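Given below, in the form of structure tokens, are the structures.
You will see subunit A twice below: alongside subunit B first, and alongside subunit C after that.
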Partner chain A sequence: MRLPPFEYQAPSTLDEALKIKRGQGAAAQILAGGTDLIVNFKHRLFSPATVISLNNIAELKRIEVTHDALVLGAGASLAEVASHPAVNEHFPILVKAIDSIGALGIQRFRGTIGGNLLLQPRCIFYNQSHYWRMSKGLCHRTGGKDCLALEGSDSCHSICSGDTVPTLLALSAQLALAGGGGKRVAPLAEFFTGRGESPWNIMPEEILTEIRIPLPWAPISWSYQRLALRPAVDFPLVNAAAAAIVEKGKLEHFRLVIAALGPAPMVLREVEARLKGAAPTREALDLAQDAAVRVAEGVVVANASASKEYRIQMAGALARRATGEALGLA
Partner chain B sequence: MPDDDYKLIGKSVPRIDARAKVTGEALFTADLKFPRMLVAKVLRSPHAHARILNVDTSRAEKLRGVHAVVTGKDTAGEKWGVFRYTRDQQLLCVDKARYLGDEVAAVAAVDEETAEEALKLIFVDYEPLPAVFDFWSAVAPDAPRIHDEYPRNINVEVKIEVGLVDEAFRNCRLVREDTFLAEEDSYFMSEPYAVVANCHADGSVEIWMPNASPHTKAKALSNALRLPLSQVNVRKITIGGAFGGRSDVFPAEFICSLLSIKTQRPVKLVYTREENTIATRMGHAMLTTHKTGVDKNGKVLARESICWLDGGAYSSTGPIATSVPFLCHEQAYNVPNVRFYGYRIYTNKPVRGMIRIHGRSFACGVDTQLDMIGEELGIDPVTMRLVNARRPGETTPTGSHVASCGLVECIEQTAEQSNFLAKFKKSVPNRGIGMGVNSVQTGFPLGIRGGSQAFIKFHEDGGATVISGVVDNGQGNDNMLVQIAAEELGLPMSEIRLISADTESTPTDAGSYSMISTFGGGNAVKRAAEDARAQLFEVASEMLEADPEDLVARDRKIFVRGAPDAGVPLPKVVRQALLLGRPIMGRGAFNPDVDQRREWIGNPSGQLSQAFSFGATVAEVEVDPETGQVKALDVTCAQDCGFALNPLIVEGQFEGSVAMGGQGGMLAEEHRWHNGHCLNPTMLEYKIPTIKEMPRIKPIIVETIDPGGPYGAKEAGMSVAMSSAQAYCCAVGHALGIYFNHYPLTPERIRDAIERKQESKGIKTAWDIEPARIIPPEPKS
Partner chain C sequence: MQKHLLTMRVNGEQVELAVRPNATLLDVLREDLELTGVKEGCSEGACGACAVLMNNEPIRSCLTLALEANGAEILTIEGLATGGRLHPLQEAFVEQGAVQCGFCTPGMILSSKALLDRNPQPNDEDIKTALAGSFCRCTGYAKILEAVRAARDGDVGNEGS
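This part shows the complex of A and B:
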């Protein structure tokens, strides 16, 4: 399969990249590793006029610790993030999530943290060849007005499949974006729209530059759980991340996120609210599982490599395991 | 017993092609480049079933850079079929498209972009027709007919009955009927399909493509292109895997040749991974109902098996595919009274062929049901298998004499080395152990295939060139031929050249499928080498003043047995033969001793294959009942391969067999569908195993020295591939106390079965699946 024709730009500064973006907007697409995007190009899911590689922009590869946050340049490779001492010291959960991505020799070195976060949501009716899609019919994402996985649906249900997404969300990460009117910082929690055809709150001229993870005020206990059909290569069928701070036997902070279900990761705020302030007990496990199943039932459609029913069930199982491990109840 | 004195045979020598493959030097079809070469692309039907009313190619033809466009109108109208009576496929659709992906037109252009652009400029008027996507709806009386000549879409019907089945059932202590279903699977060879065709001014066409039989491809193309066979020259090229999926003839080579003839230029057609999946071959979905009756000791007295196979849109190897699941098991287990009904049913899906673990539902059904019977009678799985295992010297129900058979040794050794009985009886939650038993043929030359021939010539420095029709599609056949010739001629392997798999320069061969190459091609080369050696001994005997009978060829020398120091160098003998005007030219041929009157449908009786391999595999697994995920821990596999010519390669075959048959074949590999669309045609969504989840594998080579095989060899690895699927299936079942009957055992199927188990009691299968039934013949109208 051949790539579609496009102009290839590999600027060495962020300003140059932003300038191209200002001029071309959505017609200029960012290549941040490309382990997924190149396949999408070959499938003709996108045919941008220009592709802007971030690979030569050193300022986007920085990893540093400020007084209150760990700051990851969006262009840092997954391997660089996972092997960085500060990441290992403060957020081993992120290392675990990264270790589960794709294949070591490909995605880990070539893929970037920003690219994984902004991974195009996936759907078994969408991530197919041009011939396949054209013989099947159009959907919300390919210029049509229906969803092939859920007939009559008014938006796309493609699946947010990045392994770092629930992890970063559980860690209350924030995103820094440049472009448009300058630089802005937005909580990751508000970044996802829940609509697969336009999954992120990002302007056409914006570029994701940094991911900031606030340093915790006390040690975090955590868990990352992921289910896939194979232990390597595959995207998650469901994943879950939990982060907790327990002080003097009391749960002071708790966040539980399930993802790879629909276009947006889901924060189980109800569980958080119910558990906070008390000593963790095993009831938390049932609570997490029931809440996850309920949430998943409202989100999951039959558009992955496992059935809808199985994925819903597994959202519950993984939320339970993540809660159990993070709260030391397993 | 084998001669312990072999220099190379029976030794683990590295493969002659290993270096080229690991360094990337080996060239595959897609790597070929020729001056003026064009690129071809195929236009495929976007409908699962449609009448083709009109194809307008005029705009595509006018596109700059397009050199030719072909449609059904450019063909001679010959239909392809493996057998005379199964010719049902136009290699470029003429009137109808029968599955989503059927070839409707093709273009040759200066580059891939132009070819793809040209496809968009071909306009086809289709009249969509109702389509059927599973065997139940395909055999319904009011189902749309996919081929006019086949009522109820029944493509092939095989009926076999031996013994007194009904009477035997009446005398049984216990009779069970259970139904087993397996979904479609695929090969996922590392090399996607590709063809290069190069038409010459003399009218001949050279063709390169991955194949399992260059001579079969050439014959079919000569017929379809209406060219003399000598004008269709299939060339040798490195091949990246076959697993049964390269044995047939595909539209790709026909289309590519047509385009080359039309443009008088070389043309290359490289399939995408998706095209390799949907437009070459895939495995059949299969429904099997076994009715099995036993005596009080668990000895099977009678079995009736009814099988429905989803064959897809065309016949392919239909009669073989329909029969082989039954035949493997009439070999593996000694059942005196058997009845088999096999139906291959057309659907509007991609074409199905033979695959390395063809017949999952049949095979896993047999062993699962034996375990169920064993539980009812209080007999352990090892005893159930030993009681029924085939022994040497016996004859199968359909009349094949089994000259060599080490099945009992395979069962006993795998059971012992895995500590089967102790682990089976001691219940550890969610841990399980299971055993599978199977048997395969070393070729079935019926009707369509002959034997193998070989020539050997010498170079003046004493080196030799072996000329054989055998093709190597990944398993190591090239190495096998060279290793045999080197052994017989007393030469190092590095001094043997090989010309093979080229229809212009090599003699015919049966093709490297159905496990015949070592038995057939290996024997032919051995005989050619023996012939050459006899000629060398004639000349050497004059030089050494010795009796040819007393001579030995070894280490590039010919000498009188026991006196190696007084020998003559082999190059000297070769040159002496030239001087004497008696050039050395070895000739050898081998035709397996089978009953040529046997026929798949018309007469399924007589010697099917000269030899049979047998195998047993034990798998140990751990299941996570919450997620349904299975972790395979240890696999112990044994096969009677006759004699291991190269243990390194045999063990490699065993390991690959466990990966493909058990780990992938039973835990993950299946195609998923949305009407006629295959949801997982590519390597990301079709779950072949990775190295990360592979278990520890203990290979056990059992040797029985078959009287007909070269050095006693039969085949290496297929019985392990098949029995691995059964072993995994039984092991997962044992871990959970569930008898599984819908394959593969994906996590969601396992979860579903666990939930159902809580409701059900007694010894029964996990799911109630509508049984396969005898389909009554269509009333004559």
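This part shows the complex of A and C:
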């Protein structure tokens, strides 16, 4: 399968990359590992005028621990992140999430942490060849005004499918983005728009540079849960992450996230509010499951390789498992 | 499209050629360098037939722009035998009957080599994880697993004995 024609630039500094991006905006597309983007190019989902490779920019591959955070360069490969001692020491949940991504020979060495976070949301009506799509109408993402998965919908319901997304969100990660006006830092929780056709709050001239995970003030207990038809290659049908800090028998911090449902990951704040400050009991499991099912009902449409109803029920099951494991109730 | 100069080492030899920006590493290896042991299967990364080693790591050549290999060391199946002698993994695949149609074999062997270089004593789970995403449509997985085990254990070179 051939790629569409494009010009190629591989700057060696972030400043150079930003300059090209400023000049060309959305016509220039950022290439990190390319394990997903190249497939999208082949399917003609994107045909950029210019591809800007981040491969030569060493500053984007740094991984370091500051006094209060683990800082991951967006261009660090999944293998580099998963094998880094500081990541293993502070956030083994992230290693588990990375281990679950696709297959070792596909994403592990080429794929990047920033790329997994900025994975284009997926839909069975969208992630198809140009030929296949020609037999259907256009959708919100391909230049049309409808959704092939939910007729009459005014926005796109593609699925946020990155395995690291709920995990990083459960860990309260922040993103650093560089653009025309310098660097800005934004909570990951505010990064997703909920609209598949423009899934992130990112400007055309901006480049994701860092993912910052605050170092926890006490040991975190955690869980990452993922459901897929096959463990290798397949994207998650549903995933969930939970992070908890239990001190003196009381739940001091709890965050539960379900994702791979719609365009944005869902933080179950209501569960967090109800459980905080109390001793963890098995009631938490029912609470998490019910809340997840309710949230999933409002988000999931029939656009994956499993049915809508199955994914809604499994969102509940995975939220329950994640809560149980993180709280030591499993 | 402006062509760019690509310099890389392929199977130990320095190569330098002008390539289109939209050429994949697979295109250049097969069409420019005539290394047709690199196979194009699904062309979307899912099958593993196009796997090569880049700086000793298994990657999909169909998902890698050729220009991204600039300065890299590439190993294809053609570079595995030395001095006319097959690599132990190749011998093991022959001896264990792990080759049927042969289309997946280069990718399987290279992925296995990357595994054994990283972890000389992999268990069955390690081998399966390393080969996950490499499809054998003849479904000869059991023999492939046996071949990797044999190579791991140095149990090769017994043909005809």
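Please note the rule applied: the second predicted complex is superposed on the first by the 330 of 330 C-alpha atoms of A that agree within 3 Å, B and C clash if a C-alpha of one lies under 4 Å from a C-alpha of the other, contacts with A are read in each partner's own complex, and residues count from 1 in each chain.
As a working rule, a contact is a pair of C-beta atoms (placed from the backbone, for glycine too) under 8 Å apart; a residue touches a chain by one contact, two chains touch by 3 or more.
This one's a predicted model, so the numbers in the text were calculated from it and none came from an experiment.
Judged by the touch definition given at the top, the superposed model places A:Asn55 against subunit C, while subunit B stays out of reach.
Legend: residue contacts after superposition of the two complexes on their common chain; A:Ala79 is shown touching subunit C, with no touch to subunit B. After overlaying the two complexes on the shared chain, residue contacts for A:Met1 are found with subunit B and with subunit C alike.
In the superposition on chain A, A:Trp217 makes contact with neither subunit B nor subunit C.
In the superposition on chain A, A:Ala10 contacts subunit C only, with no contact to subunit B.
By the touch criterion defined above, A:Gly105 lies against subunit C but remains apart from subunit B after alignment on the C-alpha atoms of chain A. When the two complexes are overlaid on their common chain A, residue A:Ala232 makes contact with subunit B and with subunit C alike. Applying the stated contact rule after C-alpha superposition, one finds that A:Thr35 touches subunit C and leaves subunit B untouched. Of the residues of subunit A, those at positions 1-2, 231-233 touch subunit B in one of the two structures and subunit C in the other.
Contact residues on subunit A toward subunit B in their complex (touch as defined above): 1-2, 124-125, 128-129, 131-132, 134-136, 148, 227, 229-235, 305-307, 309-310, 313-314, 317.
By the touch criterion given at the top, residues 1-2, 4, 20-24, 43-46, 48, 51, 54, 57-60, 62-65, 67-68, 70, 107, 111, 129-134 of subunit C touch subunit A in their complex. Residues of subunit B touching subunit A in their complex: 44, 46-47, 100, 112-113, 116, 272, 274, 626-629, 668, 672, 674, 677, 679-681, 684-685, 687, 689-690, 692-693, 746-748, 751.
Interface residues of subunit A facing subunit C in the complex, by the touch rule stated above, are 1-8, 10, 31, 34-35, 38-39, 42, 51, 53, 55, 79, 102-106, 108-110, 231-233.
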